[in-house]
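My structure is below; once you've seen it, I'll send some questions.
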Amino acid sequence: MCNCANGNIDKLIPQLAVITDIRTDTPDVKTFRVVGVDGKINFDHKPGQCAMLTLPGIGEAMFSITSSPTNTEYKEFSIKRCGTLTDALHSVEVGQQIGIRGPYGKPFPVDTEFKGKNLLFIGGGIGIAPLRSVINYARDNRDDYGKIDVLYGSRSKEDLVDYEEMTNEWVKSRDFDLHLTIDREQEGWDGHVGFVPNYLKELKFDTNRIAIICGPPIMIKFCLAALIEMGFDKTQVYTTLELKMKCGIGKCGRCNIGSKYVCKDGPVFRCDELDEIPNEY
Amino acid sequence: MQVNSEFKPKIVAFCCNWCSYAGADLAGSSRLSYPADVKIIKVPCSCRVNPLFVLRAFEKGADGVIICGCHPGDCHYSTGNYYARRRMTLLFSMLDYLGIEKGRTRVEWVSAAEGVKFSTVMNNFVSKIYQLGENVKLGDLRCRK
Amino acid sequence: MQEVIKKRVKELFDNNTIVRAIGWENGEFFYDHTPAVFDSAADMDVFVYDNFCASNLSKYLINHCAPEGKTLVLLKPCDTYSFNQLLTEHRINKDNIYIIGIGCDGMVDIDKIRALGIKGITKITQNGDELVIDTMYGEKKCKKADVLLEKCLSCKGKKHMIYDELISENEDEMPQDASKRFDLVNELENMTSEERFAFWQNELSKCIRCNACRNICPACSCRKCVFDNSASGVASKANADSFEEKMFHIIRAFHVAGRCTDCGECTRVCPQGIPLHLLNRKFIKDINTLYGEYQAGETADQRGPLTDYTQQDVEPTFISDKEVK
Amino acid sequence: MQKIKLENINELLQSMAQIGKVYAPIEKAGQVNYYEWNKDAKLRLDVLNTVKSAKDVFFPQTEDLASFKTEGKEISIQAEKPLDEDFAVFGVRACDVKSFDILDKVFIEENTDEFYKARREHGVVISHACNEPEETCFCTTFGIDASAPKGDIETYTVGDTLYWLPVTDKGKEYSAKLGNILEEADESQVNKQKETIKAIMDKLPLKDVTTQAFGAGKTMEYFDRPEWKELSEACIGCGTCTYVCPTCQCYDIRDYDTGKSIERFRCWDSCMYSDFTMMAHGNPRKTQTERFRQRFMHKLVYFPDNNNGEFSCVGCGRCVAKCPISMNIVKVMKALGGK
Amino acid sequence: MQKIGVFVCWCGSNIAATVDVAEVVQAVKTQPGVAFATDYQYMCSEAGQSIIKNAIKEHDLTGIVVCSCSPRMHEATFRKTAQAAGLNPYMVEIANIREHCSWIHKDKNEATQKAIILANAAVAKVNLNAPLVQGESSVTKRALVIGGGIAGIQTALDIAEAGYEVDIVEKEPTIGGKMAQLDKTFPTLDCSACILTPKMVDVAANENITLYTYSEVEQVKGFVGNFSVTIKKKARYVKEDLCTGCGECMSKCPSKKGKDEFNCGLNNRTAINIPFAQAIPNVAYIDAEQCIKFKTGKCGLCEKTCSANAIDYNQKDEIIEREYGAIVMATGYEPIKLDKFDEYQYSKHPDVITSLELERIMNAAGPTGGTLLKMSDKEHPHSVTFIQCVGSRDISGRGKPYCSKICCMYTAKHAMLIRDKYPDVEVNVFYIDVRTPGKNFDEFYRRAVEEYGVNYIKGQVGKVYEKDGHLVVQAVDLIANKQLVLDTDMVVLATAIEPSKTARDLASMLTASIDTNDFITEAHPKLRPVESPTAGIFLSGVCQGPKDIPETVSQAGAAAAKVIGLLAKDKLLTNPCVAHSDELLCNGCSQCEKVCPYGAISYIDKEVNDHGVRETRRVAQVNEALCQGCGACTVTCPSGAMDLKGFTNRQIMAEVDAICK
């Protein structure tokens, strides 16, 4: 009966999981820790992949898995409140069961193109969510990668997701630099102030690295332009796309751009690949 | 007419806050009984009742829907029940046209002073629904499973 | 007529009265004309007006009465009712629109011709009351009256309710069969409740929820339909149960009650041939009998019957008190 | 090859129904669609195009996926089981038969959809050759031979007789179960008929419609063409073309609260709908032009891109006949490809 | 999702005897959103409220459901409780398990199951509740009194005395109303004019009072504290500020055919006219329909006569816009038309008159100079017959179903006055019942019978007819149980009174409810008798129900007190359960605007951002201060753009779903 990888009748059927921890990151972002009802979730993922979360009657939506695959105990999802399902998720308590299916999408090429390279992560707002999985994976496999820089910005200090983890754990990693910025001056903030693309230009990275951008479309656009200006080739830059999704397996048609399905062929794209598909995102 | 003894109808009564809900309160304080199958939803005015609500009730398994408001001319908002009267007249006529038993829907004007009328109206309506039996024509079968 | 219209529209382009025109353009076959937006006099070469221009163009104006320049629209008599209704509801701005009212002597339903067993049709010409049909298998003839579109069978008349100029030869002709408008509604009303239920169950269960009826309807002009709005609580997409199509069609008819001009587009476009106009006409008939004769879109400043009342209105009980058949 | 007199066709269907459900073109309230056959049904084998295509049988407009029950924080999930009984679909025209291949590529080749796959495995496709193609037909454009409709069993109407030719093993197995209701026949009549049909096909008005200009790798060539705006101008954004199309496969997944449980079901959706790609913060396809383009680009370019140049259209002509404003893939192909 | 607390009240045994409250508590705990549930004997008690407050704090509740008596009883209580615990008061819903459940059902299981469903429905609603905040609106410190009879005069004087501005709108050329037409008042028999006219003079003299006579209210917009009223001041053709009221014009006016309304049309008046000597304002007006100048263009005698140059034939109606914080209805009454009572010959015989006409005949300023005369031949009558309940307590449909209340007493007064002044006149009174509840009323009636020899006959008059030059009354004497045929010279009909014909139109302008008899409905028949259910509208005098003068004056004072209480406030809190339009969904079709009884919806062109598409659209806007929250607009809105806070589509459907589960 069970023909599917996830042990279910069909890929579209979620399996049961339970929320074991809820962390409030920012006023509108919470991170949920999810495990299978009988312990582990029976699918593995790679950094950058997503999963569909279900609250029955409210709906289903695709979220980036923010925990690293090196952590096999649980999966984490950092979720910003922005619609019906996310509203509902933000109001649940520990112990709430949910439906989960996945993994979906093409991961970051952590074991191929990224290997041995210097990595520059550029994130804005909730855009850090997909990056966190890669960053932690790279930290856990520290020897496989070169220098790691994380440039992360948000509206305000309160809106910096994973601030505790970044400042308490990430910075302790070898060859790791964290560059934080917030949009406007704020009391109690002595770090950098300014938009991410501008800070990126100020930091003047050399091109001997791979850049991974994730954040609001406008930020991605300007960061990409800045990187090109700095001499990066598009093949050195990765980003993720966000479109409406229903099935997660490239059939329902929503996330179709050109011949690509973001849920299946993305969400991770190398920037030169984006030139080959219509600008419909 | 065959009456199924097991049949417990679900009846939704939309009552306007100013007249009919108070009329139902008066029926209560006067201990004027009517069947427990009737469940009241308070709305500010009969004109708040959207045909969607009526159909929604049937969809989810209601066997009868009754709307109660102030007597024409006595609307707290002066004109609400006049609009409600036209809307419901047309809606009920359409349901009848589609072959839905017309006894399943009703509008009654019950004032705050008419506890007796409220009780009588509900007794009559419920007995009509018992006569008609289960609503099978206008419901989502998934809710009847 | 087609050439007269074409010439006049070109003139209006040339003297800069208008910057665009909405009409019909030639299709693959002689009968599949598509509504089109013409941007210049030269574009008008593919303009067509004949027995197969049934589509009501008034709804397109919602998106085409933008402030820059005037848009010309060609409206048949029945289309002008929809136009007026859209004006009433402030969905279009007359200042930016130039209406040519064009005459119409009824539009033809190609499916009705096919239903007569006439196949391989290549061309149709009108000769008085008769249609001469060229087919791959020789010439055939039929009475035009026998193959009119459903919506033309209860024509409201040849008079335009609103226009800037007219190109019409039969403006004062009165409809012949207006009295038959409610015949089918009456017929249904005279059935037993069970028969009616069976009739509608049969018809509505064919519905595929393609929304053609809604999207073509000039009265269904909501920016976002409740049935498409996931926040409305009643959104639905396909009929998972026989209830959903009933809900959709009852509510749709109710939402246009008192606003529907009976233009008949819903029935014309339904891919499953559901006589949707019989729902709208039921409301129209009830409104006429209960609240006085009302024709939506007759003028642009009427108060609709559902936003109006009299103290003496009939009580809803009159329905439940009607004799059970 | 076998045969049966058309006047006895109900006996044939009766025997078929004993093997499993039979879906066939049946008239209800004036329209012909695929419904389950029973002896009171009005079979319309003569009708060329059903309103909804035969895809409805394998990929139904709505189907349940799972049922959830919730209590407090707890949830239980009950998945629907894929179909587990044999059935047949009878009277499928060549174009619709071909559409199953296209759907198979979507639903089976990668990330298999178990519900669809189960139906395909259990379903016997009994095709029916076209005798009188209509002017809206352009299946030849996609290399489809309406006179040889393929499927598991091919059938032909010649005069007052239905000819029956099992093609695949599945078809032969099915035919074997029918016993001796069919009598043996030779192919001469059918072959003669095929020639006649071919002759008609050559005369069809849309016979010259060509896909030459389209195909894999042409995304950027066509994406920004100005014709899209003109072509889509009249489009009312309904789903008629999508829902009557035998190859459109977009779907939605929705939940329905019955009061006792949450039923998760899948239903057809249309890329022509304004809310199809709508997200909380914006819509990547803002106007009808983009949605219109998506549908035709998908059929003519994107799908070939992913499927060795195969088009996602079978030329059945349903959209040509049914579009409320008479805009269709033929007009699109001519407008874009002709220039 | 909310965190909801459910509190099930026993109401002593009122609920607990029929509903298993513990079972309700257990059942609701499984509902989505419910974080806490408990029961208690009296939730409305201090202790009960403490349970709620503590639970809100302890469990961090975002909403509560109280299963108790009707929300009409304690919704306000529990909202305050919630507020005290820091919860928005509109996150409270009441499941009415007493009036709608325990009190009407006997079977405990049945009642318990219903209570559970009602609780579930309330929970389902609260799950979708949103915190609502009451708005504030200002108060215009001025009152409008519609009607310048004794009710309006008294109300206006009391409000003005408290220091607030008040305007009186009176449709007649003078204030005074019906009381000014009366001769004497019961039961003291003091002169009506003598006690009324000083008050009229006070009105004129009071700086806080502005009088608009010969004026009508045309339109009312706004809401409590902020009414905007359009008043039409009809042209008098006499300049009010110049006219001295000398009356010269009246003596010269050649048109003398107008019916003198003040004297009930019993005599004629001139076209230019001052209704009566003590009129306030004491200013003439020209009846254009009677005036020869207006009819033919010739004449102009009054203009020539007027030494004050006050005549202005070109005067136009004046439209005045004024703002008010409160409006008092004091529109009074009229005797009913007697055209359906042909049996009494009222329209046919001049000696059949109404009681009000008799008042004028008895009055020294009346058509006969105060002498009781037959109107037919101006002869002294020898017999007068009174018929009671003409059109009152009538269930035939010709008259009014109610008792007009004042007739018994004024008839006793009339009978007594006639017998006092003309002892030779025989007075008979036909009555159904004599109703004399009131201070000194019954004593007064007994004096009429015992001291003045008025002949009271219990019975109904079948018909009145003329025979040989005098009137014949055919009646039944119910006590003697015999037919009576009585010759008489005059018949006086105690005609029923009905609310002024202007009341219904005014009520709809004011959105005040009105009953089938056209009396304005009070907010509560016992507890709020001088207020309309529509906030800011108050009732004074007979417009609310039949009353005599002392009752009218006391109600007028009460209404004034309520108005003063309102005007004394600087801010009013508004109902937050108002309509709201989602501008992204709004089509701008104006249907909602058409059904709004308060004119609360207007349309503006606004730039919106619809999922990334920026454009200017015509969208509906609700004035939250005007909106009263009826919801009529929500149903006209096909797209669902218009919704009602506190009763949203989703909330109501959630209740429906919960009930139909």
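Here the chain labels run A, B, C, D and E in written order, and each chain numbers its own residues starting at 1.
The working rule: a contact is a pair of C-beta atoms (placed from the backbone, for glycine too) under 8 Å apart; a residue touches a chain by one contact, two chains touch by 3 or more.
Here the structure is a predicted model, which is why all the values come from computation and not from measurement.
> Please identify each chain that touches chain B as well as chain E.
C, D
> If you average all the Cα positions, which chain's own average lands nearest?
So the chain sitting closest to the middle is B.
> Among all chains, whose Cα centre is located farthest from the one for chain A?
In terms of C-alpha centroids, the chain at the greatest distance from chain A is E.
> Taking each chain's centre as the mean of its Cα atoms, which chain lies farthest from chain D?
The most remote chain is E.
> Suppose each chain is reduced to the average of its Cα coordinates; what separation in Å results between chain C and chain E?
49
> Report the inter-chain centroid distance for chain A and chain C in whole angstrom, where each centroid is the mean of the CA atoms.
About 51 Å, centre to centre.
> Between chain A and chain D, tell me the centre distance in angstrom, where each centre is the average of that chain's C-alpha atoms.
39
> Taking the mean of the CA coordinates per chain, how far is chain B from chain D in Å?
From the centre of chain B to the centre of chain D is 46 Å.
> Where in chain B do residues touch two or more of the other chains?
Touching at least two other chains: 51-52, 56, 60-61, 73, 79, 83, 87, 140, 142-143.
> Show the residues in chain A shared as contacts by 2 or more other chains, in ascending order.
As it turns out, chain A has residues touching two or more other chains at 92.
> Hey, what residues on chain C touch two or more of the other chains?
224, 226, 229-230, 234, 240, 306-308
> Please name which positions on chain C make contact with chain D in the complex.
Contact set of chain C toward chain D: 27-29, 32-37, 55, 59-60, 119-121, 136, 202-203, 205-206, 208-212, 214-216, 224, 228-230, 236-240, 265, 268-269, 271-274.
> Spell out the part of chain E that touches chain D in their complex, as residue ranges.
29-30, 32, 611-613, 657, 660-661
> Which residues of chain C touch chain E in the complex?
Contact set of chain C toward chain E: 88-91, 220-226, 229, 232-234, 255-256, 303-304, 306-308.
> Going by the contact rule set out above, which residues of chain D touch chain E in the complex?
Going by the criterion above, the answer is residues 70-72, 257, 259-260, 278-279, 281-283, 286.
> Contact residues on chain E for chain A in the complex?
The touching residues are 1-3.
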